[in-house]
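There are structures below to look over.
Each of the next two complexes has chain A plus one other chain: chain B in the first, chain C in the second.
Presenting the complex of A and B:
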């Protein structure tokens, strides 16, 4: 079936079975940042921004995303927020393996755009289910906190 | 000559991992699935499919143009199963086509025909002999009864009589075991021992579900084939693909891809997958990709062997091990090219760094009808450490000697003890493990965790609870604390399959840029090399690069893990840079220095007698875990983990700290089946001893499971003998303990009543 969506800023028609996992469809459509991990929606490897909210694409049937705005990491890397997040991650000494990047970056993005300054424990609670394939929880929380710092500084200057 | 140069450049293969194999895609890419045997035994006659739509293909063993098997370390593996099936789920064919979903649907329609001719003919004979006269039923029954039994009729010549074959073994005898017969020594050592303990221990590795499942991608380009796979043994994959396709190795391009797994194996089984895909792509002349399902990954690609280790321990009242008898049973599945090395290393680790007065180790690896297994060099020993550390904790509980005292008392051999007193002629202990400052490492971890106070308090509370009340649970959570020590070796001298010919080439070019030519290590190790080289040669770090390009016929033969010995490689980098520095101002640039693993070190290990110093160096760890168990939900919670590590000279403390923290977090997902154990606090300390620098990766896996199970055992007042644990297992342990307790109580009551009756009667 033909499913119209806005994929990475471009109006696109996805040709897929309605019950096919969005993760598979996006990967086939060249969005290689969307990776298959636990297939249960926890590990974060398949995370996308669905209408600006992080979502596990492995649990989403393609049929229900009609007319949605989908952003994958392949496109998100061009944004300023991504640069801020990666700067924070680098400061914390995080070297992502590349398989889990979408989950960690989009989780950081969600925290970053929250109007409230989250506590350390709240961040840890939010990201603790993500796969610990390359980064431990404490370092990840540090990375996100650094990202928030950098983001706030930039906004102050702006 | 110039043409030759450009040709050789073209033939260079990079051994650096780039991208993930599942991300590689080409136009007209076809998706594959493996046809697997539904039965664990039998003789395959054919693999067919009744209706195959256009564009879809099924290949089996008979379609392979070249060699139908791959051979690693004399271990032969069929690329696609033929003849006798080795295990349930053995790949017997590959089906592929443009639509992945359709391929999976077609997979269900594949017919695997087994050889049942003999059975059929036996039944036909019966039917043919049947007379038409239905009334003559009695005669027909007699005919059937006269027929030979099916067991006699079926041709069993091809049926494997015994799949359970010992493929590797190792026996170590020391002390009385070396002088007396086994039974005699046992009687002498165990019959009058102050404390004895016997138990069997099992540790199984859970596969994390977040990692990329194994698979491969291949495409052809004229007479060349490109294969993308997360292999860690490129030379073997290249050789196997070339042999299977019947082409020259020069035509095969293996592209190493990244792996997101915790303990990547990437050896023989990854090669088998790469060859299967290469065959499909080569025959179809189209790009083909295979991504294993999560089920296949868990059932057929789990890296480790299954080990059961039985300890019989005798301890004197002073806390010295008078005897340690270790029986190791290793199930390697239907095959494993590294069976002997696995057996040897588990046998060495089974005694850990302890030096009992008498030691007997019998390790046997056997094949079975389970899927083939692989090896992860980093974690071979973990099952042995889990077993011995729990055994020590158990006998420490029995003897009421503190776990740390018991460990330190037994870290020194009889020879070492007598050397300090008098020069007696006691035979050297078979293993000399180059550990650093064991005492400081253990003491620091204990001090940080307040271990002895907590241990005594939890222990008393547990005994009290067990003695006073047989009820398994109170409202309050149960608490326990456990200690485990372990080492991780670097540079094993007893490699059976390959020579440890670690090689390195360093060139200082005319533009003052330094190139280190070898297999690229992790980012952390790269940084360490660059720092060392930059200090020795006084050049900026950014002028140093690591080159992993090799000509196809010069790719290192051994698996990459053999190169992971950080300490040996660090030494080689330093030596090469020092060599260059010496020549630097006496001869023109470029200057190249080459170094390899030195043979003199190998003499420390006697391969034939199986004794000496088996490793170049080790890193040592002590882990303390404090556990809390909710009495209603059976939920385990870790109150704290205290870790102290001695890895010799520490090059990058921050990176080592991150590695340990990450490994702890990964391990917490694997201790209990189906859930992640939460942990409140993690405390990590490093001690720098004079020991050669070793790796930190793998230390947590070797120690944390044992510390966790010891803590949990103390909390439960019963012994946990296997990991990962489950709620069912905990429930069963509690129930068994309560049952046992009740039976003892009842028998005591019965005895008391009997006594009273007898006294009454006599009065």
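Presenting the complex of A and C:
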């Protein structure tokens, strides 16, 4: 079936079965940043932004995303938020392996968007289930905290 | 592969589509993608089924509201057992798509929110083309034929003692998953209101037990606790046949019930 969506800023028609996982469909459509990991929605490898919220694309049937706005990491890397997050990660000494990047970056993005300043424990709670393949929890939390600092500084200057 | 999805713009259209397409099942965020029915329609994007409105004594939530949206109401504005239960479900990425309606209406077994909603005496509202029905969640088995779940009313109860525990693996739903909730209010050194509920392979709540426990003088003595344990065990055994529950889960329930009573000593 034909499913119209906005994929990475471009209106696109996805050709897929209604119950086919969005992860597979996006991969078929050239979004190679969407990776298959645990296939249970926990590791974060298949994370995308669905209507500006991080979502596990392995757990989403393509049929339900009709008319939604989908952003994958392939496109998100061009945004200012990505630069801010990566600057924070770099400051914390994080070197992402590439497989888990989407989960960690999009989780950081949602925390960054949060209207209130999250506590360290809240951030840890938020990201604790993500795959720890290349980054331990404490370092990841530091990276997100640095990202928030950089983001706030930029906003104040702006 | 090859399942059929239908789309509705609003609740009225959803009801109409269900009537015209027998066998169609309503789903939420579809996070249990492997269990999708052959013909389904999602509440995703239906605005009048995704409302959240706060009132003085209750919160009205549409079945299509995501768990993250409900959590965003904030810890101070949600009953503590609901806040705690929501935080126990999967992870934030899944909670961005999973809906409260999906959690309540799950077939085969009751999921994490069911026990706390039972303890709070939440009310479910069902609609069809001509009629609106309300039912206490304690008596809910499934959405009546031709109806949709249109609203969940969660009372804002601020109980003095509020206990929620998830049984089974931390983030996933398995045969071992269940939830337990206990609420107690006191007045002048005696128990005023008590709510105890369990949900998983079956649901358990006992008005008889709650009435028996209410009125007990505080602090509870060891003798009281033993007596309460015996009564709750008897009621629980009546509700749970051996096919429904493993010995481990049964023991976990008894341990949690005892732990709850001990908080009142």
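Basically, the second predicted complex is superposed on the first by the 158 of 158 C-alpha atoms of A that agree within 3 Å, B and C clash if a C-alpha of one lies under 4 Å from a C-alpha of the other, contacts with A are read in each partner's own complex, and residues count from 1 in each chain.
Here is the rule we use: a residue touches a chain if its C-beta (ideal position, glycine included) is under 8 Å from a C-beta of that chain, and two chains touch if they have at least 3 such contacts.
Just so you know, these numbers come straight off a predicted model, no measurement behind them.
Judged by the touch definition given at the top, the superposed model places A:64 against chain C, while chain B stays out of reach. When the shared chain is aligned, no partner comes close enough to touch A:118: not chain B, not chain C.
In the superposition on chain A, contact is made by A:133 with chain B only, not with chain C. In the superposed model, A:53 makes contact with chain C only, not with chain B.
Look at A:36: by the touch rule set out above, it reaches chain B but stays clear of chain C. When both complexes are overlaid on chain A, the residue A:98 reaches chain B alone and has no touch with chain C. By the document's definition of touching, both partners, chain B and chain C, reach A:17. In the superposition on chain A, the residues of chain A contacting both chain B and chain C are 17, 20, 40, 42. Residues 1-5, 7, 27, 29-33, 36, 40, 42, 44-45, 68, 87, 90-94, 96-97, 171-172 of chain C are the ones touching chain A in the complex. Across the complex, chain A meets chain C through its residues 1, 17-21, 40-42, 44, 47, 50, 53-56, 58-61, 63-64, 66-68, 103, 106-107, 110, 125-126, 129-130.
Interface of chain A with chain B (complex): residues 17, 20, 24, 27-28, 30, 32, 35-40, 42-43, 45, 93, 95, 97-100, 131-139. Those residues of chain B whose C-beta lies close enough to touch chain A in the complex are 19-20, 22-23, 25, 100-101, 208-213, 258, 260, 262, 291, 294, 523, 654-655, 658, 661-662, 664-666, 669, 682.
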